[in-house]
Amino acid sequence: DRDEAPVASTDKGPATELRLGYFPNVTHAAALVGLDQGLFTKELGSTKLVPTKFNAGPEAVGALLGGSLDASFIGSGPAINAYAKSNGEAVRLIAGTTSGGAQLVVKPTITKPADLAGKTVVTPQLGNTQDVSLKKWLAENKLTGKVKVTNLENAQTLDAFKQGDVDAAWLPEPWSSRLVLDAGAKVLLDEASLWPDGKFPTTVLIVRTQFLQEHPETVKALLSGLVSAIDFATTDKAAAETAVNKQLKEATGKALQPAVIDRAFQNIQITADPIASTFPQLAKDQVTAGIAKEAPAVAGFADLGPLNDVLSKAGKPAVDAAGLDTK
Amino acid sequence: MTATVEADRAVVDSVSPVRFHQVGKAFGSGRSAVVALEGVDLEVAAGEFVCLLGASGCGKTTLLNLVAGLDQPTSGRIELSSSRPAVVFQEAALMPWLTAAGNVELPLRMAGVPKARRRAKAAELLELVRLGGLGDKRPHELSGGMRQRVALARALASTTDNTGSGAGKPSLLLMDEPFSALDAITRDVLQGELLRIWRATGTAILFVTHDVREAVRLGQRVVLLSSRPGRVVRQWDVDQLPEAEAVDEINTELRRVISSHAAA
Amino acid sequence: MTATVEADRAVVDSVSPVRFHQVGKAFGSGRSAVVALEGVDLEVAAGEFVCLLGASGCGKTTLLNLVAGLDQPTSGRIELSSSRPAVVFQEAALMPWLTAAGNVELPLRMAGVPKARRRAKAAELLELVRLGGLGDKRPHELSGGMRQRVALARALASTTDNTGSGAGKPSLLLMDEPFSALDAITRDVLQGELLRIWRATGTAILFVTHDVREAVRLGQRVVLLSSRPGRVVRQWDVDQLPEAEAVDEINTELRRVISSHAAA
Amino acid sequence: MPQLDLQEGSVEAGLDALDTPVHSSQGSLARRIAARAFPPIGAVVLLVAVWQVLWAAAFWPEFKLPAPLAVWAQIWQLVTSGEILELFWVSVHRAVIGFALSLLIAVPLGLAIANSRVVRRGIGPLVSGLQSLPSVAWVPAAILWFGLNDRAIYWVVLLGAVPSIANGLMSGLDQVPPILPRVGKALGAGRLSGIRYILLPAALPGFLGGLKQGWAFSWRSLMAAELIATSPDLGQGLGQFLHNGMSLSDISMVFAGILLIFVVGVGIELLVFRPLENSVLRARGLTVTAR
Amino acid sequence: MPQLDLQEGSVEAGLDALDTPVHSSQGSLARRIAARAFPPIGAVVLLVAVWQVLWAAAFWPEFKLPAPLAVWAQIWQLVTSGEILELFWVSVHRAVIGFALSLLIAVPLGLAIANSRVVRRGIGPLVSGLQSLPSVAWVPAAILWFGLNDRAIYWVVLLGAVPSIANGLMSGLDQVPPILPRVGKALGAGRLSGIRYILLPAALPGFLGGLKQGWAFSWRSLMAAELIATSPDLGQGLGQFLHNGMSLSDISMVFAGILLIFVVGVGIELLVFRPLENSVLRARGLTVTAR
């Protein structure tokens, strides 16, 4: 039989390079700002930063599990999957970056949840953050089975919506804004309204467990960079928008329209707090949403020690692991 | 030196089925061009049986291909007034996906002959070439001589269509060494059959062979081609000559033509 | 009825290159099986020239294939003590991607002969079959008889390897109607060349032909096969007989065998 | 001996009649089926054994290489719930329709390309260019143009399969020995009857190879389309199943999906193309035994 | 006349020598190049014209069908910035390496399958099954196993191209007239030299068709892999470019990407496979003119 005793690795000092995943999306604003302003490289010192662009969570998870990525900004759904599918081995949650920024946008003719019956609603990907949220919400509104849930890439959703092929979509920023501004969609529901204080993790930062154990210094440097980036973004919103748009253009060749990025920024909250307290709920929601048969175990997922070290060094309040840091 | 068509045979028409006017054929171009035929003047009268002799590689097959319309001459002109000529190719070239009977039926099928008549005709023709009962064999299951006979039967099948555009025109049969792979006895039998068919249908036949005796026995006229380039060197009205004498004379001439070429 | 090997020729060995013991060969199985050969006993002595006669489809090619090891007998046993026999197939079967010279060089290439010697040998053999200067033609650019001669040259090239495992063993040449597509003169020349090679090398030859005259002229012994199934009917030591008499006798017998079969 | 075979052989039938050497035809039917089934089953068993050993050796962590049993559990669950029928039905019927449509378009196209020099030069390279475009590239455009429905999927399948089948037919036609169409012409074949009675059957062995590749292209394109476009309207096919596994980073589900797709590929090969190929080759004396 | 040709023809060279009928060989070289280049260019011009008309008629909204000019602008921008060189280089060199590797693996595999009945029965269907797996399905597994690097990409390309090339070779070998290997054997071919000197060249025309399909598979697989796996380590290839277009829902960029991929496909066809095919077919007397 398999002999499964993962060898606990020890501190090996700063890594020679850090391969960091991110998505060219407004919900990854902190990452984009940090990259744009060189905040990560500054903190990392001699460690070379290799930023790697992804378009969807599962691919980033694959790269992390395959060992070709050390840390990644990622949605909370795929983050939970990565932890659960590797039996709690492969990755750790070390910080949050964005809260909020997901909306259910609909055709103007739809004004209340019940109108969605018989309609097609799109989410970006099966089991991703928005998909789970939508399905849970549908279940709570007794709409499960009455609404057709389709998965489409965000870009295609925009086109499909313009064409009238889909009637509604539960999307992260900037796509909800683009649907509203470019395609005349209306907001039926802001996901923030479903959570206490309107706070829920949209994007978090996870790191390979092995990397965390071997290079805690590097991880701390990364977190310092992240905290600086969050500072930058929260203090000078206009500069942050410019930086994000510049990165988007660099990563994809096209920038967003100013109106879209403005609106998108209004809907997100950039924060280092992963809002750990919501994770058990998020895991349970997967069952409600019919994605998983049993709630993935999330205990032991978070390791917020390094983040809190960094925060206290910067004279900021620590964030709460809400018991997520122990199995 | 033109052949006189015997009056006692059933001649459909007096128009020559095919007439060559200074026909030349070269393959390829440039330095590597091969001139297979040059300045060939030849006429086959309706219902005439002409045998073509010549060294290996002198252009006999090429000449037949020109008549059959499978190649175009590079110079000169060919006047064809027969219906589509039936051809027995030098290689059997059977369709490998069809049985022997299927091969014989093929021209009938393409001419739209109904199935039952096709079947009967194919069986009859296979019987004629002494392959009765072997209709369901595939080409790769037949011996070389058997394949040649199937090809012969197939060509005969393709002559029987005289209903379409070819109706009324003189018919023409082109045969490229059709008996070369046959034993003496089978060959005798098929030569007899061929003569019978020729007499009965009045078709003109252009027959390539290397066997001078065969040429003399079958043909009314024997045409000798030279090689490189192929030209008509001499013709004999062998009907007029005693067989042994004709064979000797042609053999001598053939030897002269071929060795003069070899020396050149 | 065994042939006496002439003492004045260069005979390599006195072991028979090939010996058949009650060999049978059937194709297919079940109801549709074709028995091509049955109970064939045949021996070719070292250095002997044996001609094989028989009706079309009687099993001559099959017999040659068995000797060449290209097919296995379904019954009986074949004792082969020659080096790998060289074969001239009934079809030319040239490699379409090689030029004429390339085809002749092929067996030399596979035997590892260096390029310069290969070239020279191929040119020499092409000259022998009267195709000098046509070495760079592709098979599809050659006439039927030319292809047959290239195949002949190729087979001769494949006999020249006597250095490998075959060294010291008697050699054997199998020829399946090698001259069938040639004009009389070329055929005469090549028959002469073949006899010269046979005398010079002392190779044994098993030669299939439909031309009784050719068989008598070339062979020391003539073997007649019956058909369906192929059996050895009679053999003649034609060295012992005057040519005309032999031809007549064999022709009569051939006619008898073939027509008895046709009647059956 | 052959006499004996004559009796025994008469009960045999089917495509194998010519294949089995005379002496082995005395073996029982069961034995012959076994001889035929053993090699592929043996190969599969070997593969699974290697997989199990690799897994048991914990050479890779579980999330990289799932346990064979875990994958089997996934599949078994699909079987017991009956879901597997829907998966197969949705994908296979689409693939068959798409392939049939492709044939209808590709055969005239291939004939035109192979027979006319102008068409060959004008369209030939474009067809090959089309063939080199990945199906995934077409999916977004197809959804844009046709909406999220079967039409979009068929469009992707057609773009994948048509060029491949046309190219296959073309290469089959190119290899037809020129003597055969010449003979056909001499026997009175017109343009159409020459194609029908000579060119197409003559090109068949090569064309079959092209068909196999064309099928592979259409099946792959379908899977790619299903992988990318998911919607309840489209039903749940194998591609969607695989996609779900990927989205959930569930490696055992991914493996199950790959395995099921693979099984369909092998099944179609064994049930459709292999017998076709065997009968075509055998009828022409082109069997492996012949050499 | 032919005498005259002898003089003129000697300045002609290249693969066309045999192709052009005797009388047309008197045309100038420029004229002949034009005759050859016209049909494909004409076809492309026609396509673009139709596109422009469709667009000008505003039959579809701009986000469904971009203006030809907009697409051209995209491409032109790539050209002027020199980016296009990187795009081509990254993708093409990978495809070539992947294809070469595939050849190395597929040729022995195809030979084994075609020549041994046990291997054919055991592995043959598995190879066909592998061929029917879409490349996209392998990408996640490849990334998991090899990481986000060229090895993963080559793995995907190999899995796409090897079965296809092996199958193509197999089908080419199946069509070899059995007389040729028999002749080879009689001429003293051993197992290896028989393969080297007889089977492989004899199967070449059919194999070329398989190679073309194999190339299409490897190029498509590469594009699929590039479409999905993006990383600075991987460089920016055509697939990534296309992907960016898709994620931006920028239809003119998508079209530009498709067009560039297509151009590579056509280019490889015209520069590599077409001449190869022509010379192989011509050497064997299998040209279109012959029929």
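Letters are used for the chains, namely A, B, C, D and E, taken in the order the chains are written, and counting of residues starts over at 1 for each.
Quick note on the criterion: contacts are C-beta pairs under 8 Å (C-beta built on N, C-alpha and C of every residue); 3 or more make two chains touch, one makes a residue touch a chain.
Just so you know, these numbers come straight off a predicted model, no measurement behind them.
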{"item": "Shortest chain-hopping distance from chain A out to chain C", "value": "2"}
{"item": "Furthest chain, CA centroid comparison against chain B", "value": "A"}
{"item": "Inter-chain pair with the most contacting C-beta pairs", "value": "D-E"}
{"item": "Chain centre separation in whole Å, for chain E relative to chain A (CA means)", "value": "41"}
{"item": "Centroid distance [mean C-alpha coordinates] between chain B and chain A, Å", "value": "85"}
{"item": "Chain C and chain D: spacing of chain centres that average the CA atoms, whole Å", "value": "46"}
{"item": "Per-residue overlap in chain D, given as positions that touch at least 2 other chains", "value": "63-64, 140, 144, 178, 182, 228, 246, 251, 285"}
{"item": "Touching two or more other chains - residue numbers and ranges from chain B", "value": "28, 91, 140-141"}
{"item": "Touching two or more other chains - residues of chain A", "value": "58, 62, 65-66, 153, 155-156, 159, 163"}
{"item": "Touch list for chain B against partner chain C, complex", "value": "27-28, 34, 53-57, 60-61, 90-91, 130, 141-146, 149, 176-177, 180-187, 210-212, 251, 254-255, 258-259, 262"}
{"item": "Contact footprint of chain A on chain D as seen in their complex", "value": "55-58, 61-64, 140, 143-144, 147-148, 228-233, 243-244, 246-251"}
{"item": "Interface residues, chain E side, partner chain C - complex", "value": "179-180, 182-190, 193, 197-198, 201-202, 204, 280, 283-285"}
{"item": "Residues of chain E that touch chain D when the two form their complex", "value": "36, 38-40, 42-44, 47, 60, 63-64, 114-115, 117-126, 128-138, 140-141, 144-145, 163-164, 167-168, 170-172, 174-178, 181-182, 205-206, 208-210, 212-213, 215-216, 219-221, 223-224, 227-228, 239, 242, 246, 249, 251, 254, 257-258, 261-266, 268-270, 273-274, 277, 281, 285-291"}
{"item": "Complex contacts: residues of chain A adjacent to chain D", "value": "1-4, 58, 61-62, 65-66, 78, 81-82, 85-87, 89-90, 120, 125-128, 148-153, 155-156, 159-160, 163, 165-166, 291-292"}
